[in-house]
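Pasting the structures here.
Each of the next two complexes has chain A plus one more chain, namely chain B in the first and chain C in the second.
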Partner chain A sequence: MDATGIGLWGVPLAILGGAIRVSTPFIFVSLGEAITERSGRINLGLEGTLVFGAMAAYAVAVMTGSPWLGLIAAAFAGLCFGLFHGWICKFRGVNDIAIGIAQMLFGSGLAFFFGKPFIQPSAPDLPAIPLGAWSNIPQVQAALDVNVLFLIGATLAVFLWWAFRNTRAGLILRVVGDSSDAARAMGLNPDTVRLIATGIGGALAGIGGAYLSLYYPGSWTEGISSGQGLMAVALVIFARWNPLGCFAAALLFGGAGALGPALQSVGVTQGYYLFYAAPYILTLIIMIATSSPSRSLAGAPGELSITK
Partner chain B sequence: MSATTNSKAVGVETIGMTMRFGAFTALDDVSVKVPASSFHALLGENGAGKSTLVKCMMGFYHPTSGDILVDGREVAIGSPRDASALGLGMVYQHFTLVPSLTGAENLVISREKVPGIIDWRSERGELAVFMERMPFKLPLDVKVAELAAGEKQKLEIVKQLYLGRSFLVLDEPTSVLTPGEAQEVLGLVRAMTRAGGLTVLMISHKFHEVTAFADDVSVLRKGKLTGSGRVTDLDHKAMAAMMIGDQPIAALDSRAEPKLDAEIVLKVKALKAPDRTGLKSIRIEDLGVRSGEIVGIAGISGNGQKEFLEVLAGQRPRDTGEVMVRGTAYAATRAEARALNVRLILEEPLKNACAPKMTVAENISFRTFDIDGNGKPVNWISAGAIRAFSARLVEQFKVKTASLSSPIASLSGGNVQRAVLARELTGEVDLLIVSNPCFGLDFSAVAEIRARIMKARNAGAAVLLMSEDLDELLELSDRIFVMSDGALVYETPIAQASVQTIGEHMAGHH
Partner chain C sequence: MTDTVAGAGVPATFGARGYPAALEWIARRAEAFVIPLAALVVGMALFSLFILAVGKSPVQLYETMWRGGFGSWFSIQNSLSRSSPLLLAALCVALPARLGLVVIGGEGAIVLGGVAAAAIGVVLSGAPSFIVILAMGVAGMIAGGIWIGAVGALRHYRAVNETISSLLMAYIAIALMNQLVEGPLRDPASLNKPSTHPLADVYRIGNIPGMEVHWGLAVGVLACVLSWVLIEKTRWGFAARIAGGNVRAAQVQGLAVGSLIVGFTGLAGAFTGLAGMLEVAAVQGSANASLAAGYGYTGILVAFLARHNPLAIIPVAFLLGGIDASGGLIQRRMDLPDATVLVLQGMLFIVILFSETFYGRFKAFNPDLWQRSS
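Let's look at the complex of A and B:
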């Protein structure tokens, strides 16, 4: 069979491959945001965390030669960003959304500042598992070249879904997210729980950033994220704060993001760039479709400032 | 499972409890004895020190002086944790259950020791065994948000028992329940105290509940114990005297004879509007309120009566239907309200009827600041006129405020409502829409507000009164409607009204 001649079949295949490749950062950021929002806070700063994580991972990988050390560095940087957000939001009169926006700009700016020397050198990639090796069609192989982080993300989604209802930590998180008063009556300190939840959320967003710079697209540039951290926040609302929903929604967004390049690759030369806007349009449509002027969202954590 | 339920009830006694916050004495030498397995009622107005007393017992406050005895032994209760270790628990007036968790999840997570990973199979088994011993039957696999108020209240009590508490403080436990639910819950709790497994201290302001269920009663006023004794030895009048002392209470105007052929001021036809959740709608087929009568709307909160009044007040859009005031279509605009003399007294006045940070004077003149004496719009607003107008009303309605330029949020609840009454009841009133006017107010404010509403009725206003307090409706209304599941399901003239029948219709089965 002619390896390049699979024709229009290339589009769904490229979308599938793209969904797997592009969705991974969405998965991590949205799972992290799901944890944070379930605790009753919203962290819009994950966009900045994502960019800084990408830079930190790339820089450490360049300097040490190990992508895994880069990944750990990104997670640690994300943890610090998250803890900072969680700490500052416990003060009276501090608005989590405003702090998030400040952190988004701060994280990106800091990443650009420290990242300048790393735009040129190349870092080792995170390993991928060639699940498509059974096929001799290059497109199939390319589509099914699955990064370990995708598999970890998928496992994490299932784990979180289970943990939200079957572990003490999961129940405590939901209690705090739904009612600060109830949490206090139980002797829990909501600020502490939210601090930890925001910290973990930040660490996961950092890992999402590491994937961007160390696997796909696989280099550090200043335009690396293009708003994925923000879209992930929208995605959590779309997924109704359910980790499995986050995973599915991330795949959907990833697939939408792959639409443009896929059409381009099969020779569509007119208007394909419109499809590059697909994820953004999807975000808008979802936000409009799932909102209502007269009621708050079903399943929303009661303490969340945007749904109160 | 750490919970035990067959532990014996404990008795609690306070001796010479005094609690000062700075110069303010919230509790002054209060000694109350609640023997084991008794049902004790604690009566008092808002601010009388009831919550301060129980918060001292529960370890939230540390009393300035005084001792607590549990089962006759002196104990130090430094924190709520100490209190629960002694078997003391509290059911709060507002629910402390987590709405998005199921009953079972709520029970398990509230335990002192929860395993890192919860084995739901065995937990469910143990809960089932535990629930066997409970007098309440409750669905534990449903999200708490979906439970009715009565079920939530039962679950709160069950939670305390599950946690092994054998002395319970119930803070106005029936304020959100229907009369039927209240009877049931208190009856079952009463039975448990009789059986010897539980001691109860109930904060209340409903005399009939105290008489029906409690063994003993203690009454607080302004931080002092003003009386206590066996319930059987005291009548309502004696209890009221202990509660409010000798301050004058405004008496209701005697009810002017209703005229059956009086003009129908408010007419609602085939009204449909979405409710709070957006999932259901409220439907009012036909409702008319005549001049000179009070029409009461009863219902358990959440059955659409709040939404109905919000539509009338212009706070909520309607889908279809018409609202007519004296034959004119009414869409709750400022101009229409002014032309047709429609006035509103809404619940939580600070939230619904005031701009909290604006001054008392400004809030009182909301209806009149932009018109002159002849009802013509003015271009320049006169601060002097606003002050003069509101000074007169503050005087007339006895609003207690530090000054006319204090923000209205700094006033007590009763005085905020008085200020709103002053604004709404001044001038001609043809239609008065009232919703839970006395919620959370103290005795004398309540009496005064009810008297003002009755006065407006006698002066010829048509009054639509929605209240969750059935006693209030029975006291004021000429006719009572019951609203259930978004519709008016029952109507009775006051002469034939029975709490029993109304309660059944409120609960939705008849």
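Let's look at the complex of A and C:
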């Protein structure tokens, strides 16, 4: 087989590679949101956290020259956003969904405010591992050039899946998410647990943002995230709050996001913008297909306002 | 939280606790004014701290903001122009909120309303201007109404969360607009900025006499007043409030909750689609990517700040239109990024939502508690 002329096989290969590349932020945001939602709160503000994380990571990486410091900065910024959400939502009458919308706007606004000077300079990238080095086909190599964060995300998904069932922390999280009253009866403070869960969720979303600006697409622009944070929230519902499901769904969404560029690479340019919208349409279809007015969602945390 | 404080009804002639009835009547209503105003002041104070932290003068900032948005007849007209799409975009949030729904995808209705209006304007080119403008308005309203009405229908018939679906549909709408504007509807003469064919001048909407503000402002104010009448003075508005409080109770009462939800979301989308039509007919002259200018998102803030009361939307939209309008001046005079205004809006939004927790906590606003203290 000719190494470069793999023709239409390039499309599924590019989608696979794209799925791995595009899915990583989805993995982190959805795992973070899964932790938050398991505690009974929903944080729609992760979209803003993602954008701010992307900016913070890029800015710190430019200034220090280290992408890892950028990653830590993004996680810390995300933690702060998450803790703020967790704290403010404990007050009576403060709606978690509305605060999320506000944080979506606030996080993006703050990121644009501080990110202005960093649109031009270039930052060092996070490293990738060439898992496709065994092949001499460039497309295969390109598809399997896997970033370390993807592998960390995959490991984290498995760990969380295990931890939700088998650890004390996982049990506490699920009890608080299913019934505040039961949690109080056990001597737990639901507000504290939710504060921590939302904080961790924010930190993971910040890491997702760092991936966006430091690896793929790999630069800081104001349009860096167009709804990935929000789609990740929808994806958690589709994945039934199961971390392994989140991982699989993230791959699926990544593949959908890679569809447009993959088709374009083999010369299909018709309807480019519609393919670009594929992940949104897919999310919507999945939400329609998996919701039902007559029964509540299986596996939904009982305290979650979105499913009530 | 989406419901405003329920009115206590017609004031009685005497107070049950020995206080003048008028005082009790004022106290009950003062809460809805005092708490948002206090939140506004606190939000601006916090923003002052932020501006201090980045090494600029908050005094100069607010002075510049005043000058850029409200200080002269010129800047007031500019603010009014910007507030007209906000009036309509805020209704996209406020009307569904009456049913307890949080719809945040108004941007999609604006964009599609604008594209539909521009397409009709080009197709009907040559017809009398009155008919064309009317048809453009109707097209914009239908496009927006279907788009947001679908969100309501999905909510009621499939239990799809309306907050997420409306925002997803906004992204889809923007992609659809790009596809149409760069494809079948594109004017080949628009090179750098793909646009639809420009509207002939006779089909453009002009200014209100004596002002540099287009008629969209009057349309927006009218839409807010009509929405207020709908919500407060009709049985549909009453039914919507019942359904927003408790869907089961409303169904037991025999209310057609599905029709209410689709009707309210559809109407909300129609108003917002009209905002897109006005942007095309009065401002841009054609449909292009400038339609997605963020009015739909600022509209969310306007609606929450007005506590989803359509009459309160009018002054709040003017306030935020003015803040928006001053963004350019702040950028030039103070060497701050144009996102400064976004930061202020985000802070105000969070503080306003936080202020929800103070409703019903102050004895001064609740005459029923007065006797116990004195």
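Just so we're on the same page, the second predicted complex is superposed on the first by the 303 of 308 C-alpha atoms of A that agree within 3 Å, B and C clash if a C-alpha of one lies under 4 Å from a C-alpha of the other, contacts with A are read in each partner's own complex, and residues count from 1 in each chain.
Here, a contact is a pair of C-beta atoms (placed from the backbone, for glycine too) under 8 Å apart; a residue touches a chain by one contact, two chains touch by 3 or more.
Predicted model only: the values in this text are computed from it and were never measured.
Colleague: Touch test for A:Lys116: chain B only (first), chain C only (second), both, or neither?
Modeller: Only chain C; A:Lys116 stays clear of chain B.
Colleague: Is A:Met186 touching anything from chain B or chain C once the two structures are fitted on A? First, second, both or neither.
Modeller: first
Colleague: Is A:Trp87 touching anything from chain B or chain C once the two structures are fitted on A? First, second, both or neither.
Modeller: Neither partner.
Colleague: After superposing on the shared chain, does chain C or chain B touch more chain A residues?
Modeller: Of chain B and chain C, more residues of chain A lie in contact with C.
Colleague: So, does A:Ala277 touch the first partner chain B, the second partner chain C, both, or neither?
Modeller: Only chain C is touched by A:Ala277; chain B is not.
Colleague: Where on chain A do the contacts from chain B and from chain C line up?
Modeller: Overlap of chain B and chain C footprints on chain A: residues 292.
Colleague: Under the stated contact criterion, what part of chain A meets chain C in this complex?
Modeller: Going through chain A, the ones touching chain C are 44, 88, 91-95, 97-99, 101-103, 105-110, 112-113, 116, 226-227, 230-231, 233-234, 237, 271-274, 276-277, 280-281, 283-284, 287-288, 291-293, 306.
Colleague: Within the complex, which stretch of chain A touches chain B?
Modeller: It is residues 165-169, 171-172, 174-175, 178-179, 181-182, 185-187, 292, 294-295, 299, 301-302 of chain A that touch chain B.
Colleague: Per the contact definition, I'd like the list of chain C residues that touch chain A in the complex.
Modeller: Touch residues, chain C against chain A: 1, 102, 104, 154, 156-161, 163-165, 167-169, 171-172, 175-176, 178-179, 182, 297, 300-301, 304, 337-343, 345-347, 349-350, 353-354, 356-357, 359.
Colleague: In the complex formed with chain A, which residues of chain B make contact?
Modeller: Within the complex, chain B contacts chain A at residues 80-81, 92, 94, 96-101, 105, 108-110, 114-118, 120, 274, 276-279.
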